[in-house]
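See the structures that follow.
Next, two complexes with chain A in common: one pairs it with chain B, the other with chain C.
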Partner chain A sequence: MSDSQLEQVLRQRQNSHQDIVDVDEPVIKLVIFSLGEQHFALAGESVKEVLPGTETVFFVPGMPASVEGVINVRGNIESVIQLHALMQLPNTVEKSSLHLTSILLARSKHMHSGLRVDRLLDVLDVAQNQVQPPPEALPDYLKPYVSGLLQFNGLAVAVLDVDALFNAWQTGQA
Partner chain B sequence: MALDIKKFIGRFVEEAKEHLGRLASGLAEIEQGAVSAEKINSLFRSVHTLKGSSRMLKLEPITQVSHSLEDLLSALREERVTVNPPVIALLYQGVDALSDQVQQLIEHGQVDALSSVNAQLCQQLTAIAEGDVLNVVAVESAELKSSELKTQGSSSASAQPTLTASDTVRVKLDKLDELIKLMGELVSSHAGMRELAVTSLQLEQQLQQQLQGHLPVAMQQFSRNMRDIVLSQESLMQELHDKTLQMRMLPLAIVLDPAARLVRDMARSLGKQVECRIYGSEIELDRQMIDQLADPIIHLLRNALDHGIETPDIRQQKGKPVQGLLQISARQDGGWVVLEVRDDGQGLSLATIRDKALKKGLVSSEQLAEMSEQQVSDLIFEPGFSTSNIITEFSGRGVGMDVVKRSIVDDLQGVISLHTRIDKGTCFTLRLPLSLAMMRVLLIRAGEQVLGFTAQYVTELISVAPSALISVADRNAVIIRNEFVPVIQLVDLLKLPQASAPKRSLSRTRSDLLLLVIRVHNEKLALIVDELLDERDLVIKQLPEHLRSNPLISGMVTIGHNELVSLIHVPYVLDIARKARQPANRRAQTDQEKPKKRILVVDDSLNTREIERDVLEAWGYHVTLAEHGQEGLDKALAEQFDAVLTDVEMPIMDGFTLTARLREHERYQECPIIIITSREKESDRRRGIEVGADAYIVKGSFDQNSLVDTLKVLLD
Partner chain C sequence: MSSRVITYLPVVLFRHQGQCYAIEASAVKKQGQFDRLATEVLGNFSELFTAPLASAESAAVQWLELQGNAGQAWRLGLSAAAELIELPVQCVYPLPAILAALREMPALHALALFQNELIALLDAAVLQQMLERKSTECKKTL
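Right, the complex of A and B next:
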């Protein structure tokens, strides 16, 4: 390989490197899922793990209705909270057993729990500027939890704030 | 007294090192000019602690040096002396001298190994502290030289005093818990491994049949190796599990050693001579238990000193050694630790206990007559009992043995019992689980749900025919030994999902009901459950923090293949059962606007009283309760009742006497009195009528309609 060739290659590499720098924007990881007819997302950093949803959920007596029960995650006892019940979404269609459901192990600063969602759609990196502030027209029952809006495959996805969700759950307990 | 001073020295050394380190760094800061009251204060505290703990171990040289250092530091604190280089030099010398002493202690491990005090140093420290500046200046130059010599000498004597490592490590408790949890996981995942080994054996046998014994040797070998490995892993795993659990354990010495000191001090102030012997303080218990054990133990010791062991002259009269003996011994018995607190004092006087129990109305004279001596002495655990008439400084200040019992039984999930003999002494025996993290659990099935109950709340498990239930106030009750015990469907009470299809349980072919009788103190409740699945020792896990506000669940246990089972908190079950009957009362009250008939119910059983009240209130009567005949009589005379319902067997005054006494009063000559009892004998019935009862209802044939009908007939 001659010197000029080498230089050429190096230059090319440098250029390509610069190209990447140009498009590099802050990205956030989002976990996108559906609840009934609606689509939501949680920030990737607040979702520790996604469980297939086939785990046996053990019923615990005396719990609030939104708590489905507890699961055993490698020796840790985690609660499973039904997200649609937590957000008090208008009752969606009675779920058939064929429905694919997942459990997201979510955590905020003060609390961690499994969240039952209807269907996990995707986990992806999104440029931060693609997430729009929540519109004014948001239904009242969603307002406290939604921190942004995103277009994903032509679907409107509401980005949820884990802290707000868990705080709401805990105040509901008191 | 054989005191193992070594153990204490070890602890002292650990502590001293910490303080010396603090002193050295604190001095350095002060030397660099960062003088503040807080800094000097913290130095003072460190030295003070050293003085205190060295004095306790009779480490005279260390005590003296720290004492002198303390003098100087307190002078600095009060600003009688200002910080200047000679003062700092002296402080350094003092700290160095202390470090040397501690180092010698580490090397030789005994008190006599300490070199004698550097008296000059001590004098100087004190002199400076007293502001004897002249003296200081005068000796300063000379002393500095000698101290240089001294420090050189000492540093060569103990070559590397700063590099000796501690042989203990402090670990955060939650890190340990994490480790223990992982260990538990490993053990349960190993259960899967064991199953694989079993499967491989089955496969091997199947193949052997199919191939008519011509199984490849390699296959047999593989299967055998697999089983061997699983087995050897299992024993390793068990060992590992035990070892990790042990890490949370602390020796009983932590509680018992200070207790011994306490005994000496108390004995002295009571004018008694007592020797305190401790055995088995090396036995280890879970940290959580150790923390909660101190109070009950101290209480027992105080009792023994105060009420048990006599004063020297009385002991002499009795021909006992003048010095009393108090022994605390611990030993391990299976999964329990047995702790005995034994004194050789005067013992508990059964006659006094009988008197007292009668006077306080804890038992009736009839009950007392039937009681064994053991049962009588156990009365001291009853609430409201305390044998000493005099309140003393040390015991008997309102807190009785019932509190001790409660903390042993409720908080520590243990058992307490006592043996006593007049003039021989008293012995309290505590049985404690090694750890609260592991408990005996009954697993039952109610509907579709498997639930756990910790064994100490369960009094019995009985099977009764449905016809044995009696219906009172919309609920059921069962009579267990002369007591109404409310019966409730666990499934209904906890709003559990009903079993979709009734499961056929092989153990009980008949339609009998299985009753789990739970008890907290005096209150009992019978729960209808479907099946007893198992009873064993299980590791208790906590619910996630945000779910702990649920008072119904005290924890979770893992059974079988990582299945989680909720552990029911029994006291709360009793609470909700109590609440469940409230609405019925209220409804009855709103129905009835006209003035209610007033009924007095006298029964010594809490459950029976409550049930009778529920029945009567449901029918619109106003009910007042009394616990025994005397209370009933007092209440009856204080206000007018329209009818009286009484049990027969009760403490202080029985139902026959009550009836007879009431009839003596004009107001109650015509008032209906109904005796409700489990005594079925005709002679009793006759006696009841003779003393003037209007009706005699036997509990066995009790049903609310007959009671209410009888009342109606009598009242209208």
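Right, the complex of A and C next:
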């Protein structure tokens, strides 16, 4: 007995269901920012808060130049560190342009600190597969800190590993 | 045994190059005016900074006598007057972990934000060790 057309259609529909590819790509939130002419990102889950760059920073003596000082965040203090030295970029932030900068309150598994960035560009959700592995041509000094590369508005954005950043500071590599 | 709740921390505050530093008052035994000919100090606070200072900025004008690690008192020369103040405990913060890892001055122990100014709270025992080391290094180079 041959199948009715209806049976064939149902079978066809069932098979087509099996062929459906899950297009719900996992997405990650990224906080994209610039340091000088370079563009970087941190995973959104590692950035607790973004503060304006004009927050009063209290200088702490006896610290390396990369440490700006501490800020008062709702009755608690938080350190503020500049990423420039670690990324081997000149620090061109002047007092007059502080209003253009931001302080990202970043946290790793064991540490947290404010990170001064020159410009906060965007906070967006991107499909995980848009983040490519870091290229071989990446400068050696960036390799320990870059976990991926993303194209954003025609710009190459290096995704930073916040644990690696804090680890470098903690172990005195930076 | 119930412990008393501390609301104020007495500290001896002094300035150096525009920055505020303080040592817990319980570690300070005496203070006095520095006499270049008569006062013997383990070292001047300014010696702990690598940046060279004009002699007028680094010259000691006062001394603090502190309780030493081995029970013996030692004297610290200061280039500015020191004063006793009481810090409300809610102004005192432990050094953030990342700053503890990065500090170049091991005696830096905690921070206080008081009257819109940052005060670096120093550990007198570590300060003594730093000055002793400095003094030994100086003797070696001589």
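By definition in this document, the second predicted complex is superposed on the first by the 137 of 174 C-alpha atoms of A that agree within 3 Å, B and C clash if a C-alpha of one lies under 4 Å from a C-alpha of the other, contacts with A are read in each partner's own complex, and residues count from 1 in each chain.
Here is the rule we go by: a residue touches a chain if its C-beta (ideal position, glycine included) is under 8 Å from a C-beta of that chain, and two chains touch if they have at least 3 such contacts.
Just so you know, these numbers come straight off a predicted model, no measurement behind them.
Annotation: superposed three-chain arrangement on chain A; chain B versus chain C shows a clash. Once chain A of one complex is fitted onto chain A of the other, the partner contacts of A:Arg74 are limited to chain B, with no touch recorded for chain C. Of the two partner chains, neither chain B nor chain C is touched by A:Val31.
With both structures placed on the common chain, the touch criterion links A:Phe58 to chain B and to chain C. When the two complexes are overlaid on their common chain A, residue A:Gly172 makes contact with chain C while staying clear of chain B. Legend: residue contacts after superposition of the two complexes on their common chain; A:Val117 is shown touching neither chain B nor chain C.
Shared interface residues of chain A (contacting chain B in one complex, chain C in the other): 58-63, 67, 70, 72, 75-79, 111-113, 166, 169-170. Chain B meets chain A in the complex at residues 181-182, 184-185, 188, 449, 451, 494-497, 541-547, 549-553, 556, 558, 562-566, 568. The residues of chain C lying in touch with chain A in their complex are 16, 19, 21, 90, 93, 96-99, 101-105, 107-108, 111, 113, 117-118, 120.
Note for the complex: chain A touches chain C at residues 58-64, 66-67, 69-70, 72, 75-79, 81, 110-113, 166, 169-172. On the chain A side of its complex with chain B, the touching residues are 56, 58-63, 67, 70-72, 74-79, 111-113, 166, 169-170, 173.
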